[in-house]
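Here is the structure we will look at.
Chain IDs A, B, C, D and E follow the sequence of writing; residue 1 opens each chain.
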């Protein structure tokens, strides 16, 4: 999965019927960099994407995005024409500098 | 999904029978950049693609494109050999500078 | 779909049985650039690929290629291990400088 | 498959129910470089990813990651919204400089 | 499909049970360049990959690799968690400088 930061959302009145009711977020993919001193920082990488969301991620939260046919498995109807969905919101502590345990 | 601008279309008389009747648009993928002052601007990124369209997107409109097997889910017959389809047309207000609300 | 120029073909005597009889073309993906003056030019982008072809594209023709599981939908047996197929040959007029109508 | 080094893990309390119980590792894709003198070194390439793991890879181990719908085939329920899974841990000897046989 | 050169192989004692018995090759993707004078040369492009092989490709041979769900179609059990398989070995003559006919 890619990890990405939520930076906005988009609206599309004219769209596939089966997509009605689904929220579309704009996300910026990020890379996870572990520092020797134990901290973690996130770096923007690659281009923004639009992803569906039914978990309720808020702006600037870091989300886990599943792509391709796997994205559709998170929906009751797996025949919906969507190729990227939020499947998790990363716990804040994971990336808090210093306190985020790098590894169990 | 990628977001892209419609910049033209292509015609292919010699093609898979099951693709007859489908319109093919040329699109330029774009990245969405939010400015501190609240505006939004779109930046061309990556190479042009050809996508199928049955929603009726017009030239220069910004569309949401689903790729891979997910693209086929927008068609009555999901066994058509197509790997990219327009699944939504982004509302103009979304990107109008200043007025486009970045986030609900 | 990507758009690509046919630049050659390859032969593989030792291959999956189910691929026998299928022609393999070498293609160079291209980007479509529309000029203000109305002309269109194609620019090589990215790396060459090998694609299956049963439509009969000739050298230097511009083809539309479907990838992934969508490629397999163009075959009678969709369980053939192929991930890229020619699904259309772009009409020459589409890209003829000056005469190619950019948009209906 | 890509080959990647395990560099950490992430936690997501708010996630798809079907993902509960699965461990998420942060991995850094690597390229494999064979040296004329017979040694092998691994070079970080591309961006970090999050992958599911049920084999039990430890930090700094080199893993083989399957992506897309193939990732889901490693799970009892193949309808789980995940697009990258560890499917093997590369034996240490494979890359030990000098001793790692490049080829049987 | 991508075209790649076999440069080594990897072993993974700890791996998905269903992958037992399958050979894993390290391959370097290559681009095919046709020269005006009629010769062909191959150029390394992108990062190394690990691919499954049941055809028996040898070191330095040039192979055709199918990716994603299409890779799995080459196996008796298509539910094996693998996303890249050798599906053909390119005949040597194809790329022999001078003698390799660029096009039938």
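Here is the rule we go by: contacts are C-beta pairs under 8 Å (C-beta built on N, C-alpha and C of every residue); 3 or more make two chains touch, one makes a residue touch a chain.
As the structure is a prediction and not an experimental result, all values here were calculated from the model.
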item: For chain A and chain E, chains touching each; value: D
item: Cα-centroid distance, chain B relative to chain C, in whole angstrom; value: 20
item: Chain centre separation (chain B, chain E; CA means) in Å; value: 33
item: Junction residues of chain B - those touching two or more other chains; value: 68-69, 71-72
item: Arrangement of touching chains [line / ring / star / complete / other]; value: ring
item: Running round the ring (origin chain B, first step to chain C), the chains in order; value: B, C, E, D, A
item: Contact footprint of chain D on chain E as seen in their complex; value: 7-16, 18-19, 24, 26, 47-51, 59, 68-69, 71-72, 79-84
item: For the chain A and chain D complex, residues of the former touching the latter; value: 1-3, 29, 31-34, 40, 45-46, 55-56, 64, 66-74, 78, 85, 87-91, 93-94, 102-104
